[in-house]
Structures are given as C-alpha cells and as structure tokens.
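Consider the two complexes below, in which chain A is the common component and chain B and chain C are the respective partners.
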Partner chain A sequence: MTTVPRADTQHRPSPLNTVLKSRLFQPTLQLIALFGFTLAILTGFFGTPAGSRNFGIVFVWIVWWALLIIVLVPFFGRAWCTVCPIPAPGEWLQRRGIVQRTPGKLRTLGKRFPKRLKNMWLQNFGFLTIATFSAIILTRPNISAGVLLGFIVVAVALSILYDNRVFCRYVCPVGGFIGLYAMMSPLELRVRDCQTCREHGAKDCVVGNEKGYGCPWMVYPGNLTRNTYCGLCFECMKTCPKDNITLRLRPFGSDLFVAKERRLDEAYKAFIMLGCALVYSTVLLGHWGWIKNWANMDSLPHWLIYAVGLWVFNLALIPGLFWVTTWMGRKITRANVPQRDLFVSFAYTLVPLGLAAWIAFSLGFVFVNGSYAISVISDPFGWGWNLFGTANAAWTPFAPQLLNFLQVGILMIGLMVAVNTAYRIARQHHSVHQQAFAAMLPIAGLLTLITGTFLWLYLG
Partner chain B sequence: MLKRPEFITRVLLVLTVIGLPALILGYQFVLRPHLNSTRTIEISASTPENGGFQPASFTVEAGETLTLRFTSMDVTHGVAIGPGLGIDLGSIDPGHIKEVTLTFDHAGTYTFYCNTWCSINHWRMRGVIEVRDSLNPNAFPANQVDPVIAALAADGVDIDATTHNGSMNMDTTAMLPGRPSALRGAAIAVNLVIPTELQDQAWRRSHTPMQGIALLLSYNANASQTDLADAVAYLWVVEGSAETRTTTAQFYAQNCASCHGETGGGDGFMAAQTTETPVAFSDPNYLFGMRGDVLYAKIRRGGMGTDMPNFGTLITPEETWALVDYLWTLSLETDERTTGEG
Partner chain C sequence: MMRRLLPKRGVLATMFAMLLIAVWFIQLPASAASTAHTLTLDMRQFEFTPGRFEVQQGDTVTILLTASDVVHGFYLDGYGIEQRVEPGISQQISFTADQAGKFRYRCAVSCGTLHPFMIGELVVNTNFPFWRALAMLGVSLIGSLVYLSFGAKQS
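After this line comes the complex of A and B, so read on.
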C-alpha cells in the first residue's frame, strides 16, 4: 500500500482539540440541526403545498443538499454525521442523557443486528427506494416531511432494539453514500500511532469510559484505514487515555487505494450513486418532459415503467457495463486475478466521477433555484409572514452564464481523478506499468463515455 | 441532580420538539385569527388533471371580509373572480402566491377561474364561492333565468344554428364583397337613410347584420353593397366606450383566443383539439349571419356538443354584451379589429 503524507491538525493541546473533546460539542450542533429539522417537518405538514415557497423543501432539498454534496462531503467527509439530528433522539434515549456520560450500559433491548445485514445493502436498496419516489418526495412538502419523520421514527425504533447507531451504520440511505464519498475527503480521523493501540489492552475507545461512550459506529479506531464508517462523533477522542486519536489532513481520495477493505456492497453503492446521478440529470434537468411526467406518477403504468427502468439501470445495466469493461481489461492483460476482484476494485474509480457528477448536477439546480431560500427564510410556511423583510424577494437564477463552465470543469476533474484512480488500482493488480495501463484502458473508455453523457445532458 | 449543561440541553430539546411547534401553530391558528379580523382561505391551483383549485368551493357570509390566497402548484395559472367583481389577479407562476382581500355585499354565487391557458382542460378550472346572507342563511338566491336566453327559447330560436338570416325575406346565400369597414361606414351613414329599426339597439341585437343590410337596401336602393355593409358595420359597433373595448379585448385574449384565435380566425392553438372547429369571427360572411342575442346566449350558456364552455357564471350580462360588441369588430378590416374603433 502506498503511504501518503498526513498533516496532523491537532497539536496537543489545541483549541480544536479542546472543542472536539468537549461533551457539549456534538449535542450543541445536533440541537441546532434538530431545530431546523423540526421546522422542516412542521412546514412540510402545515405550510404551503407549493414546494418553492416551503422551508421544508427549499432548505432540505436545495440548501442542505447543496451544502452536503458540494461542501461537506468532498472537504469534510462525514462531517454531516456529526451534526445530523436524525439519530440524536434515539441515541439520547439509549444514553439517558444528552451531554452527560451516564454510567452503565446503553439502555436498549440488546438485540443482535443480523450479521447478513451488516453491510451497505440495506442502504443501497433504501437509497434506490427513495430515488424511485424522489420526484414526489423532493417537490411535495407533506410527503417530504413524512419521509423525514419516518427516518427519525426508524432511527429511534432501531436504537431501542439495538445498541449504538445501527440506523446510521447499516440503514440510513444518506449515510451510505456519505460514507462512500467520504473516502474522497482530505480530512480523516485516525490514530496517531497504531502500535500504541495494539499495546493498550483496555480499548476504552470500544467499550467507553467515564469520559465518553464506546464507538457508537461500532468501529475500532486502531484499525481505521478509511473514512467510510467513522461518523466523526469524536467519542474515541474523548475516551482515549493515550490521546492517540487525531484529525489529519491528507490528499483527496486517499481511501480509494485501501485494497483490503473493498467490498461488493460498496461497489454497488458506487454504481447506484453514479446511475442515479445520470437518471436525475435526465429527469430533472433534461429536455424530455415525458420522463419527468413518468417520474411524477402521471399514471401508474408510466411510473412503474420508470421505477423498473431505474432499478434495472442501476442494478444491472451500469454494473453490467462495468463488468464487461473489467473483463476486457482482464482478457487484454491475461491477468491471473479473479474477475470478481477486478470488478469490485475498479468500481472505486466511480467514486470520484460519481461525486463530481453529483456536484455538477447539484450546481445545476442550486444556481437556478437557490434564490428561493431568500424569500422562504422570511416566510417559511408560505403563510404571508415576512420575518426578515425578504419574503417578496424575486426568484433570480445565480450566474447562469457560469453554470456550464463550472459543470464542465468539475466533470473533467472528476474524469481525470477517476482515470488516475483506475490506473493506480490497476497497479495494485499488475506490477508492470504496461499491463496496468492496458487493464485500465477499457475502464477509462467507459468513464469517458459516462462523462460525455453528462456533458451532453448539461450542454446539449 | 443534573449538571447544568445537561439540564440546559434538555430544556432546549423540549423547547425545540414541543415548544417550537406549539409556538408556531398556536400563533398561526389560534392567536393570529384573533388578532386579524380577516379570514384567510388558502387555495392551491393545479391543472384540472391534477385537481384544479383546492378547495374548489367554499361558503362565506355576505359582509364578511375575506382574504383569498392563491398558490400555483404546477404551471403558470391566472386567477380572476366574477361575475361583476372586476378582480383579475393576473398570472401566478409556479410556487408564487397572489392574494386579494374582498367583501361580498350580497348573497349569491361567484366563480373564481383560471384565465391563463394551463392545460387541455383549462376551461374546467373553476371554483365556486357561495355567499350566504348571515341574517337568513337558509335563504339562498335561486338561479335567475336570463331574460335574453328565455326570450330566444320562447321564440323558438335555435341558438346552435350557424346562421339566423332566415326570418327576413332576403338572399341568405349573398356574400359580402369584402371585409366591412366601420370607419368608412361612419362617413357613409350620414348620406344614407337610416330606418328607425337600425337605430334601435334592441332591434340590432335581435337581428343579423345581413338583415340590417337588407333593410338598409330597401331605403337606399342606389347604394352599393359595400357601402351598405360598411354602414351596418358602423351601426353594429358604434356603441360602447374604448375603455370597455380594451377590457373586453383582454378578456377575449385570455379566455377565448386559445380556441377562436387571437384575431378571431378560429385558429387558436387549441383549435385542433376541440370537438368541433371553433367558429371564425374574422369571417364576415359567418358573423354577419349571426344575431347578437344568439352570440350572447352562446357565450353565457356554452355551446351544445362543442367544447365551448359557459361563461354565464364568470361575467355579467353587461360584460357579455360588451364581448358580443367586441366580436363584431373582429370581422372588420384588420386595422379596426383590436381596438374596435368605429
């Protein structure tokens, strides 16, 4: 494995260190987020049914989404999971406290979560299910609020049944793709010295101590090599008696080259995210009104065709194309590597491209519809309030002349990083440069084709 | 004993989860109505295929001040309220809101309707406001019979016939030589003998212009057919103010042009979708064969077997006559159409 340089952001002691170790840090952020979340649900159920005038739609699906996919995930990884209010009530119930470290075990029914579900498959299918109804969820405030409320109900229910954050780790459809794309982030929580962890028998970071709880994400920080399943709750930082946990800066996308942890469920997460970005770009930004109507359930047969098409596209067509390209690379190089391993390994090339595609797609509607936030902040329910004097602010697309340039630039960066990732993954399977290059070529072709499709959708 | 941070965060949690909803909903649904004497009714507007206006009907009391807030849910709609209120909120883009505060003085039935073409079923997009007398809520005004339509029925006039020239002794196949000009007609009329019937609005409304030409010919045997047509055109459009015609032209553009065409050519963008081809008001040979009261009746009642909706619940009889007067101008020379100047 290639060693890449890291920059420790926390010099002991530092203000950041103090803040992250404070028991008030995460609950404060969660309570602020919970305020917005409650408002989003209230506006969804009681506010205007016009999505563009409703806080629940505008601030969840435009403001929050843009913040998440354009800023938080690419630069801070799972930082949203630090703030997310959805698991908070369940976790506070388990802990019998919000800030305090309550002595004793977590209060749950102590059930064991099924082993076969301890992966990303539930999150994959959950995301696809949400995506299937997304044209409705994203535009109808009451349905959107119902989904948000449903998330919190499921999270609380699971926190009653099982210890720790089972919802976040195995169920949350959002958490799944945040985990995948957090691999791109230049920020990582890691141990300073693995040897220190190995020699420390108490493992306070796993079992907890008087300063904090054992890792709610069920991760052993001593073995942490990727961001995917670390929810940045900083409990381990609080509990580590050796002060061996730190936040570090590193090159973008470092986790993509951690070969030993690659899995089929994560590969499929990459396929689904890229596939959904393509479908969303077609449905929401494309010129074909009939597809939008089908996604909007203009009739049940049309919607069923759309739904089946979406699932087949994401679960069969995109993976199938990818399987063919990796098979071609294997045949060209006559590699003695199992096809399944190559298929899973190279799927991680879709992580940078998928993230770039989602950023480009999100810029498309944020630039166009972001100005709704200005009026909605003054009249969140659409009841004729004018809290900050901006309720009548006109809808004004932001810098439409810049949009396509940004989208093209981001997609091209995504393609270049993806092709570079493909080559570096190929080198993990082929020690000879020529072989790695040849194995990567069909994949690079597919990546270019996909990027071209996005460009055609945005510019065509 | 809870430590202070734990206590404060628990209080904040309760305030967020319980206090915030209670505060907002309590203010909006309990306190605000008490502070504000005006009742507000939220009405969402979607294409008829997606539900039209919601709610599509409601009851208010006469004298009650009311705020109606319309929100467009899907495409651009337009909202007007009639008859006789003169309320036109203009277009409402998706997600936007427009409102009007009004007081209904008398019991009766009013209609709010979309006046911007929004879908193939646009004309179905209507809602009803029932205004009841607060002192006598059970007494609701019965639908009044329109005297013009009743008179036509009593006379056995077929409203849906395509010509009504037959009641006078004249050549019903006669064709007009060209588009009449009310402007020329105004100059010509001063040199013609105008019989009293043609000076009578009631007679003109119950006869076709072609019948007017025939009558005028019997008094002015030497006049040319063109001059007579121009003079009749002038007599048929001479009444009504320019302001009324402008308002009526806007109403026509909003509510009629999608089928009958902007200039009355029967070629509106929805013409191909209708059960029967919309009539062309710009064809003088058609229009000069129609009676004003029949046009009035068709507008108010709607067309039987066609897709012509009824407008009797949207506009007053006076507004309907103004629309009939405007229709005559569509058959005139091009530069006289839109303003109806004559």
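After this line comes the complex of A and C, so read on.
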C-alpha cells in the first residue's frame, strides 16, 4: 500500500493544540448542543403538531441533518461526536464531573458488554428500524421528541451498566453511519510516531491520568488506522505525556484502503446506507403519493408491506446484487481469493457513492424546506411568539434551479471516486493491472447503474 | 516508447472534466410546435392527482387546481408559480412551459404531517437536463476507466 502524504495541523505549541487540550473544550460545546437538544425535545412534546412550524422537527431534521451530512461528515469526519449531547449526561454521571478530571475509576456497575455485540450490527438494525418509521419520526414533533429522549435514556442506562461510551461505539444508529462515512473525511486524529507509542509502557491514552480519561471510545490511538471508531473527544491528546497525538489533513477517503480492518458488519452498513438513500429519494422526494401514505402508516397492512420491502431491499436485494457483481469479477479474473473477502472489500466502494447520494438527497429537501428555519427560530413552539421578528417569514424554496446542477455534480464525483476506489481495492487483491481492472469492471457497472437510478429519480 | 505516447493523467483528467462541463452546458434546439393543455390537478393529503404529467417545451398549460380535504397550496419549482387552494373553491393557473426538464410541484400550505413531502412532477420534454445528466454519467464512467487504465500503465 502506498503511503499518502499527511499535513500536521498542530505545530507545537499552537492555538488549536491549546484549545483541543483544554478540558473546557468538549463540555462547552456539549452544553450548547444540549441546550438545543433539550429545546428540540420540549418543543416536540409541547409545541405545535405542525412539523414545519416546530423547532424540534425543523432544526433536527433539516438544519442539523444538513449540517451533519453536507458539511461535518464529509469534511470533519466524526466532529459531530465531539459535540453530540446524547452521551453527555451519562458520561458526566460516570465521571461524577463535567469539566475537570475526577480522580478514581468511572462510576458504573462495571458489566462487560457482550463480545458478540461489539460490532456495527446493532447500529445497522437500529438505523433500519428508525428508517422504517422515518415518515412518522421525521414529521411528528412528539414522536421525534420521544425518539430523541429515548436515545438519551438508552445512553444513560448503558453508561450506568458499562464503562465508557458503549452507546456511541456499538448502539447509536447515527454514530454508525457517521463512523462509516468519516472514512471519507480529510481530517484524521493519529499518533505522530507509532514507535513512541510502542516504547511507552504506561499507555496513559488507554488508562487515563491526572490530565484526562482513558479513551472513552475504547480505542488504542497507537493502532488507529481509520476514523471509524475515533469519536474525536481528544482525551488522548490531553493524556499523552509524549505529545504524540495530532490532527492531520490527508486526501479524502484514505481510510477506504486500510485492508486489514474490513468487516462484514461495516459492509452491510454501506449497503444499508446506500439502500436507504434510494428508498428515501423514492418515497419522500418522489411523486408516488400512495407509497408516502404506506410509509405514513395509513393502514397496518400497507405499512407492513412497506416495512418488509425496505428490509428486504436493504438486507437482501442490494447486498445480493453486489454479491453477484463481485462473483462476476472473480469469475472473469479466475481469482484465487475467497468470494466473501472480495464481497466485503469491494463494499467499501459504496462509501463515497453512498455519501454522495445522501448529500444529493439531503440537498433535495434542505433547499426547499430550509426557509422554515427562519420563521421557527422566532417561534420555536409555534405558540405565536416572534422572538427575532422573523416568525412570519414566508416559506421560500431556495434556488430550485440550482438543485439539479448540484445533485448531478455530487453524484458524478461520488461515482468517479467510487470507481477509483474499486480499482485500488482490486489492486490489493490482484497484483497485475489487467486482472484488477477486469475484476472491478462489473462493480463499476453496478455503481453506474445505481447512480443512473438516482439521476432518474431526481431528473428523469 | 509506449509510455511516452500516452497522455499524462493530469491531461486526461482535464480533458474529461472539460467534456463533462461541455455536455452539461451545450445548447440544444427546442421543439417548434406548441400545443395547449388543460388539466385538473386535485390535491389531497399527501398527494397530487395526477402525480406527474408531461408536456412539450413551448406548450401552453392551464391547470384547474382543486383541494379535496384541507387547504393546500400549489408551488411549481423553476416557474415560481404559487396558488393557495381551499376545498370547494377551484383555482386556475396558466403558463407557458418554456423551460425543459423536470419540475416538482409542491404543496405550499402546511397541510399536515407529510406536507413537506407532498410532491408532484411536471416534465417538460424534451427533458434535456436528464439526458445531459445521463451523458455525463457515461462520460464519467468512461473517463474514470480510461484514466485508471492509462494511469496504471504509466505508473
């Protein structure tokens, strides 16, 4: 594997270094986010039931979502996890403090999280479950608030049972896809020199010291090769006595080529995310009213057909198509590589395309519905307030004529990066160029077909 | 010798990028003949009937808007047409479909839970933006394959 250049963003000492090492940094951001999160829950329960006039719906599913998928994840990876308020109450309870490092162990029941669940499968099924009810959750303020509150309750419960951020690492449905798509980010937290870590026996980054806690995400930074499971809490940066941890800039998508950590649960995360982007683009942005009503539970039989269809599409149809294409590539090249290995490896080609698809989908409703935020900020509960004088701002779609340009451009970039990724992954399995090229051709065909489907949905 | 004959990767990438831009912005002739269309578009939570209709570029379109259950609104992307429609009181709008492509019409009055996703589609043929996008898809795929093929040989 070729080594790609990295640019260290933290010269020692630097203002960024000082900020990230400050114990105030993360709690301050979390407290601000917790205020917004609490407001979203309160407005959800006590505000107007009209979603487009309710802060809980507009700011969570339009403003936050757009910020997350269009800006934070592609450019800053797991930066949202730095700020996320959901695990904060549980973590503060564990630590018996918010800012300063409390001496002693974390206060939990010290249970061991089941080994068989230490993967992304819970997150995969959690996301699919949310997706199954998405037409309800995204549009009913009280149900949306209930889901958000449920996240906090589960996070606190798990932080009472288990040490560290078990919720974030193994359960959070949002954290799962952020981790997957954080592989595309040009920002990474890594050690400066691996040898320094190997020679340092105390491993303060794992066990903690007086300056900070051991990694809450249960990651050993010395072995960190991908962004997937690093929550950017910067505890390791605070605890490392060798000042060996830094944030670096690197080419987009560098983590996709780390072969040794590829896994079936992550592959399925890629299938599910791409599949859900297709389903949402069809159901929510399409013109088929009957399918919207099915997703909206107009009757139980209709909704059951929709739910079963969604799960079969994501867990069987998309992976099945992908299995066939990798099998074709294997047959063409007569490769002596297990089919399962190729299936899992090539699934990472869906990461850039999936991220592009989610950005294109999100632009489709953010451009149109973003203006609701202007009125809602002045009247978050829909009670007739006018805090900033914008409560009566009219709904105004933003530049609908620009939307298609952006969607097409983003999907094309996603396709080209995905094809390039497919080739580079193929080269990891085939040393000869012609073989690698032939092996990835069926996959390139499938990627093109999927991109074409998105184009048809948006423009056709 | 062969290596010297192959274009450099940067040149290839630039060529394909320019081709992509050209495909998107190239001007295509519009159809000359125009027809008048009249249709009734009914709105109910959370769908339009018909959910999609097609006309030719240059056609004159007259739509009688009706609402079957609650107050709805009609907003046509790209054309900026907006009309509020109350149950029992139909409204009429007319416009010339002078822009080609797919344009979504949406409910413009908050009408219930799925209001933001109450969407229909007007397709003004020939749908050049879609065909351009498909051409770009082809150029992107071929460009990527050529780039990888030549690039790998060079490296």
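We adopt the following convention: the second predicted complex is superposed on the first by the 460 of 460 C-alpha atoms of A that agree within 3 Å, B and C clash if a C-alpha of one lies under 4 Å from a C-alpha of the other, contacts with A are read in each partner's own complex, and residues count from 1 in each chain.
Heads up, the rule we're going with is that a residue touches a chain if its C-beta (ideal position, glycine included) is under 8 Å from a C-beta of that chain, and two chains touch if they have at least 3 such contacts.
Please read all numbers here as calculations on a predicted model, not as lab measurements.
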{"item": "Chain C versus chain B on the shared chain A, clash or fit after superposition", "value": "clash"}
{"item": "Partner chain in contact with A:Val419 - chain B first, chain C second, else both or neither", "value": "second"}
{"item": "First (chain B), second (chain C), both or neither touched by A:Gly97", "value": "first"}
{"item": "Of chain C and chain B, partner touching more chain A residues", "value": "C"}
{"item": "Which of chain B and chain C A:Phe75 touches, first, second, both or neither", "value": "neither"}
{"item": "First, second, both or neither for A:Phe398, with chain B first and chain C second", "value": "neither"}
{"item": "Which superposed partner A:Val408 touches (first chain B, second chain C, both, neither)", "value": "second"}
{"item": "Partner chain(s) touched by A:Arg53 [first = chain B, second = chain C, both, neither]", "value": "both"}
{"item": "Partner chain in contact with A:Gly382 - chain B first, chain C second, else both or neither", "value": "first"}
{"item": "Contacts of A:Thr38 with chain B and chain C, given as first, second, both or neither", "value": "first"}
{"item": "Partner chain(s) touched by A:Pro27 [first = chain B, second = chain C, both, neither]", "value": "first"}
{"item": "Colliding region between chain C and chain B, picked from 27-35, 117-125, 207-215 or 279-287 after the shared-chain fit", "value": "117-125"}
{"item": "Residues on chain A lying within both footprints (that of chain B and that of chain C)", "value": "50-53, 395"}
{"item": "Touching residues on chain C, where the partner in the complex is chain A", "value": "20, 24, 46-49, 51-52, 75, 77-78, 101-104, 106, 108, 110, 113-121, 127, 129-130, 133-134, 136-137, 140-141, 143-145, 147-149, 152-153"}
{"item": "Complex contact set, residues of chain A against chain C", "value": "50-53, 135-136, 139-140, 283-290, 292-293, 296, 365, 368-369, 395, 397, 400-401, 404-405, 408, 412, 415-416, 419-420, 423, 433, 436-437, 441, 444, 448, 451-452, 455-456, 458-460"}
{"item": "For the chain A and chain B complex, residues of the former touching the latter", "value": "23-24, 27-28, 31, 34-35, 38-39, 42, 46, 48-53, 92, 97-100, 372, 381-384, 395"}
{"item": "Residue ranges of chain B touching chain A (in the complex, touch as defined)", "value": "2-3, 5-6, 9-10, 12-13, 16-17, 20-21, 24-25, 28, 40, 42, 44, 69, 71-73, 93-97, 99"}
